[in-house]
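For reference, chains read A, B, C and D in written order, and residue numbers begin at 1 within each chain.
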Amino acid sequence: MFSGHSAVGRRLAHGCSALAGAALAASGIGGLSGGTLTVAHIRGALPFTDILLRVTEFSAFFLLVIGIVGLAATIYAAGYVKEYEGRKSVPLLQAGMLLFIAAMAGVVMAGNVFTFLLAWEVMSVVSYFLVMYEHERPGTKRAGFVYAVMTHIGTVFLTIAFFILRHYSGSFEFARMEQASLPASAQSLVFVLALIGFGTKAGLVPLHIWLPRAHPAAPSHISALMSGVMLKTAVYGFLLFTLHLLQPGPVWWGVAVLALGANTALFGVLHALGEVDKKRMLAYSSIENMGILFMGIGAALIFLAAGQKAAAAFALAAVLVHAANHALFKSLLFMGAGAVLKAAHTANMNRLGGLIRRMPWTALFMLAGALAMAAMPPLNGFVGEWRLFQSLFALGFDGPATLLRLAGALAVAALALVGALAAFLSVRLFAMTFLALPRSEEAREAREASLSMRIAMGLLAASCVAAGVLPLVFAGAVQNTLERIAGFSGASSMLEVSPLAIAGADSEIAPAAAGLLLLCGLAAAWALARAIGGKTRTVRGETWNCGEPLEPRMTYTASGFSKPIRVAFQRLLLPSRVLYVDRDPRTPYFARGFTYTGQLPALVENLLYKPAMNLLVAGARLFRGIQNGVVQSYLLYLLATLVLILVWRIWR
Amino acid sequence: MRDILFELLQLVVIVLIAPLVTGFIKKTKALLQGRRGPRVLQPYYDLYKYMRKDAVVSKASSWIFTATPYVVFGATLAAAALVPVFMRDSLFSFTGDLVLLVYLFALARFFIAMAGVDTGSSFGAQGASREMFVSSLAEPALFVTLLAAALPAGTTHLSSIVAHAAERGWPTSPVFYMMVVAFAILVIAETGRIPVDNPDTHLELTMIHEGPILEYSGKSLALLQWSASIKQVLLFALLADLCFPWGLAASADGPAVLAGLAVFAVKMAAIGVIVSCVEMSTAKMRLFKVPRLLGAALVLSLFALTAEYLM
Amino acid sequence: MLPLWTLLVPVATGAICYAAKGTRLIERVHLLGSTVTSALALGLVWRVSGEGTLTALGQFFLVDALGAVVLAIIALVGWTASLFSVGYIRRELHEGTLDDRQVKQYYFWYHLFLATMLAVCMVNNMGLLWVAIEATTIVSAFLVALYRKGEALEAAWKYLILCGTGIAIALLGVILLYASAVRTLGDAHDVHGLLNWSFLNNPDIRLQPGVVGLAFVFLLVGLGTKVGFAPMHFWLPDAHSQAPTPVSALLSGVLLNCAMLVLIRFAVVAGHTIGLDEIRPLFIGAGLLSILFAFPFILVQQDLKRMLAFSTVEHMGIIAVAVGIGGAAGYAAALLQMFNHAMAKSLLFMAAGNLTQKYGTKQMARVTGALRVLPFTGPVTLIGVLAISGLPPFSLFTSEFSVAAAGFAGGRPWAVAVMLAGIALIFGAMLFHASRMMFGAPREKPAAGELGRWSTWPLLLPLAFVVVFGLYVPPAVSGLIRQAAAIMTGGWAS
Amino acid sequence: MMLTATSVILVISALLLVWVKSIMSSIKILALQSLFLGIACLALGAQTGSAEVYVMAVLTILVKAILIPYILAATMRKINIRREAEKYIGRGVSLLLASGLVVFNYVVTERLDFMLLGSEIQTLPHAVSMLLIGLFVMITHKKAIMQGIGLIIIENGLFLLALSTALGMPFIVEIGIFLDVLVSVILISILNYRMDQTFRSISTDWLRKLKG
């Protein structure tokens, strides 16, 4: 189907892929309504290599997300891939994208271990190839490599976890594993393995190193899929383990996850503020959001351990809703970044600016995305953030133990800090790209994105708003999802409120009304101004710049904008700062020019991974010496082995 | 029906008296400094004047710049609809709680910051950057304080908090005052007053809040300043609600409401005096000293919270 | 009579190739011969999978499901490699690295090599099994020494000496086994039949445990050398890297499996006497050791073919672990892994052959942008690397997954954990090298373009197996494998 | 009994091989050793009167005692080096170590109940020690050809063992083994010849290119 190089063929291809995305979304909605239904069951050559696909409400929720984003991505691709035509094989990219989407769907639909691992690995491999799509670009090779290795090692942990479960349940089918009861130690072991395995995929610090490399390297709509959806499969998997396959565990599970999440979120947002490359910045922000999600999961686990089902249900609802929201706005932002990248040929925000006049539509949609990322009412980001705050407040209000309440309070503080910094981030993202004056020739020449790209972004932006003012868009889905999870059927009913309002553990709000209120406020503002002031004129004038005419190079850059953060957190981030002053020897007191570079070093890599890697390589070099090329020594090894085994046999 | 009317009145009162509070603080400051100072009603005159003036808008700016004042005013107004001032219940209490309130202010800030960048003036951008910086450091402390304040009621719903606190009577624990202090610091930070920021200066290198709105004029400026003073009143009111929630009219009958109004006036006046004392007795901090202040607030509120847990 | 023909055809082909004049003629004969050979072998496999074990020439030949699996591997890989040889040898001839005499020798020894390996799968007498294995060593040593280079010579010598020694040690084991058989059963049975697999593979037969145990140690070490267990594997990378590429494919894909087959047969027989608990730890130990040994050598490897050779060591280790895990599941997994590995590894070696001939070097550092330079071989190599490191949706994932599953079911979780860790590490190392070779912008030299269809089309066959078997294994194959596993568990399938 | 004696002789001759200097003389010793083996085989044939054993004896004498030494010697002549066999360690030491190996092997085999093979058979330890000595020769010598000789020592030991435990392997197997040995010796001499052509030496010091 993708062999068609003709325009018609391409159209057809795009059309079909869009249909595929839509179908997925539809199946998600469909799955939400009905109970578990088995999609396919193929017998394998050996025992336990059957392929089993089924849809539960739980997976249907994620299917829905995959479907919506997938649909948008497929539409977006139609315009975006034009950039590659002639240089690279577009059909390959398209096929890869569809396979990627299919694999992610497969992960959430998998009904047994073999299928899950199969889909999981296919997802990883395909995304690896998609990351490597522009492998000529510097850094891509390394990015792809780090990604592939990290995710593969993560998978090994998962595999072992699954096998331990298999050992106790005696079956590879999830449905049967759920009934099994493990000894506490095994439970915790599986939990830790799953946390590492899925944490790698989710980019929890310090397992995140692949994420800020791989996501920017991929083509933008792929980055959107990876950040928006693929990370969510990690959430799905972790929830699958903690809620379905394992019995409720000890409290420390929740605490560990909460701490890890908070740590990750803070790390992510701070590094995002340190980045000037837009896509890297978004990737770090994805890390932040995954951190937030895991905070929510942690709270839920704590409540579960304490048997507070209702609170746990609220926390889970928060997690699911925020997961969906993040999928929407992050993919929107990545697509916007892609549009800008395509138009201005740079993702470096220091070289952008003023694009709002060149690309008004993209700007509008990006604004929606930025507002959502900053969790501003009345957009969807706020709904998720609010739910999360509620569940953490709940932990603070009536957590099982005083220390846990305090942990809740600290989590609230962390979430607040992260949220505020995220707002900072969004302002920086939007303002430095679209506002003020263009800081480079490319930016001055930028062109508005093509229609299909605008449609895709518009779709996502619209759904961001919709999910913001009408939370019931997801609330219903969350309902069913929680119903599916053992023991929540009662608790989740508390989530039920009037279609316009959403409930937290201890409070409820009506986002729609809030939105309306805002609109009234706007109207009132206009009316007041008009009533009091009457009609007045507006004249265009120069910006006050101490009498100088304003030039682009005078305007603030992204690096400068987030400088205060770098200074305030320097103990934490150890930013590197190089100031080069170009002095004229004749007039030593006046410098010709300054070049300033400030950036954040990748601490985790430098302190953790690089040394380990070097050690490994050095060890390998040393060990390699035993094959010294002397045949006699090989014979000696042979003899030694023989003798050793003989001795072993005798002394036992 | 009547209570709805009264609650509407509440909203109107806030909007109308906001400039008065600003003027009052200015006046008291002046008096404390031994100056005569401007008239208490001066802000109203200013607003009126601005409203009627033509506006000059930078060539570099976009529609964001034009839209911002309306968004800001709208958001502030929406916030105003959530805060009970002299009645326990507020007009739109069902729409939201503390979290929504905080995020409405954040929304306003978001747009102000963008407008600051939009003009292309580096003062604007600088101010925007600092504004976001200070606010993001204030946020954690703010939320913990809110948690501490909301803890007894066990909900983040303002009206219920107020109601609950009003029942509770005069708190005796010293812990409580820690929270008050913490919250006071935050209010000062949020309203952009000394020692965090100086609302009266346009000295380029030190402005925070004034930076982004430097380019504004005419109606827009009027709206922005107005909403700034409304926000100030709201924060004062919030401080009052959370820390001294007494004298609010429980029911919507005339006398109670009048009493509530009176108490409210007293509270505002008291806070105003305190604020102006602080302003004249302390100097503005360096920007990178601010984190310590806010950190202190965070620590205080955490202490308060821990203590409340233990009791 | 089928087995006899299966042996005679390659021998005859070899002889004709040696006698014939003119490269074209030789090629035709070679192609015809190898095709017929593979056809016969596959026919044999087909009959076995249908009718179960069959014997010929009295009890001389015996082909059971176990041998049939390896037969199938020989047939497929042998045929592919022979197709590939044509293009490869032509180029070598054209570049003058080989002359006409060597070409003749090559085809001669090639078919003899096939014959010896076929013999390994078909003879009944376990003494002759040993003879056949020794023969494979000698014949393939000639092939390894084909090039007139010091390195080739060196590799051949090390190969000959190490494997010769190993095999000799194995012979000691065989003798002990036989002696013990004679001692215990000599009076009752005809002495000549005592070493027959058909006779010895019988759970009721009890020989002297002490002797058999000792014998098995010698057999493991001896045949282990040939299989390439660490630390007796040192000949392997040398021979694989120096032999002509098609031969490397045969060595790694087929020969080692033959050796493994022999080892398994002896293990089964010994198991009847001394019980499996004596044997399993040895297999698992050898396997894990091989996996762990392979990793550092792959990590800091510079030579492409050596890297592949070490990966072979790793995979022999995996198979050994699977055998050590045992049970129907473990054995089936082991055999599936054998088959899949043979396909993937021969694919990789032939692709590597294209790379080395295109770039004129085996140094991986000198190879860049292969995806562009070799639009077919490049992607295939990438797929091969992913497949060989057990990533889905390729066949090795299925088999390695079942190895792990069987291990956990068979109560050897730690062994499996170590194995999985080793596999993951090796994946990292191999991907590192592969991505450095495949991706990135190519240098100006060499010009892009494949080497010709003789060196591309043959790769399609193993590729197909690698891809298809990942998702679907036809019941005929799985049935055969189950039969074989049944044989290994001691019960006759037929 | 007689076999045991032979085996002792074989072991001693093997040790002698460890001791001697020049390659030619070691080839001679090898021939002698094989001759002993053949004679022992003949005697055994006479004892048992089995035709197969006779044939094997003849084969042994023809192939191992005459043909193989001849091939090796011919190769050496072609290469025409008369220099002594270089070693990694001195003769004294190597003799000591070799004897040590033999002793170790006796200790080990004592503990293995090979007696089951028949109380009268003492050859197993001897065979194993020949195997060890053969390996030892291969390990200690630098000259490639000596490794071939080591291999043949091992073969001899094993042949003896087979003979003593079960009157040799089944006939056809023995034939196969003979064939293999012969071909491998031919291969060894070919390779040695080519080594000499390539490196002007048959010392394994030249075979150290392939590492890691």
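As a convention for this text, a contact is a pair of C-beta atoms (placed from the backbone, for glycine too) under 8 Å apart; a residue touches a chain by one contact, two chains touch by 3 or more.
The shown structure was predicted, so the numbers you read here are calculated from the model rather than taken from an experiment.
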item	value
A-C or A-B - the one linked by more C-beta pairs in contact	A-B
Rounded Å distance, chain A centre to chain B centre (Cα mean)	35
Computed distance of Cα centres, chain C from chain A, in Å	45
Rounded Å distance between chain A and chain D, as computed from the means of their C-alpha atoms	69
Centre-to-centre distance between chain C and chain B (centres being mean Cα positions), rounded to whole Å	79
Shared interface positions of chain C, touching two or more other chains	157-158, 161, 165, 169, 214, 237, 297, 300
Residue numbers of chain B (touch at least two other chains)	none
Residue numbers of chain A (touch at least two other chains)	624, 627, 631, 635, 638, 646
All chain pairs that touch each other	A-B, A-C, A-D, C-D
Contact set on chain C toward chain D in their complex	125, 127-128, 130-131, 134-135, 137-138, 141-142, 145, 148, 150-151, 153-158, 160-161, 164-165, 168-169, 171-172, 174-176, 178-180, 182-183, 186, 191-192, 194-195, 208, 210-211, 214, 237-238, 241-242, 297, 300-301, 306
Touching residues on chain D, where the partner in the complex is chain A	88, 104, 108, 111-112, 132, 135, 138-142, 147, 204, 207-212
Residues of chain A defined as touching chain D within the complex	624-625, 627-632, 635-636, 638-639, 643, 646-647, 650
Chain C residues within the chain A interface of the complex	157-158, 161-162, 165-166, 169, 213-214, 217-218, 220-221, 225, 231-232, 234-235, 237, 282, 295-297, 299-300, 329, 332-333, 336, 371, 386, 391-393, 397-398, 401-402, 404-405, 408-409, 413, 416-417, 420-421, 423-424, 427-428, 431-432, 435-436, 439-441, 469, 471-473, 475, 477-478, 481
Touching residues (chain side chain A, partner chain C) in the complex	42, 44-49, 51, 114, 117-118, 121-122, 125, 132, 135-136, 140-141, 144-145, 148-149, 152-153, 155-156, 159-160, 163-164, 166-167, 172, 616-617, 619-621, 623-624, 626-627, 631, 634-635, 637-638, 641-642, 645-646, 649
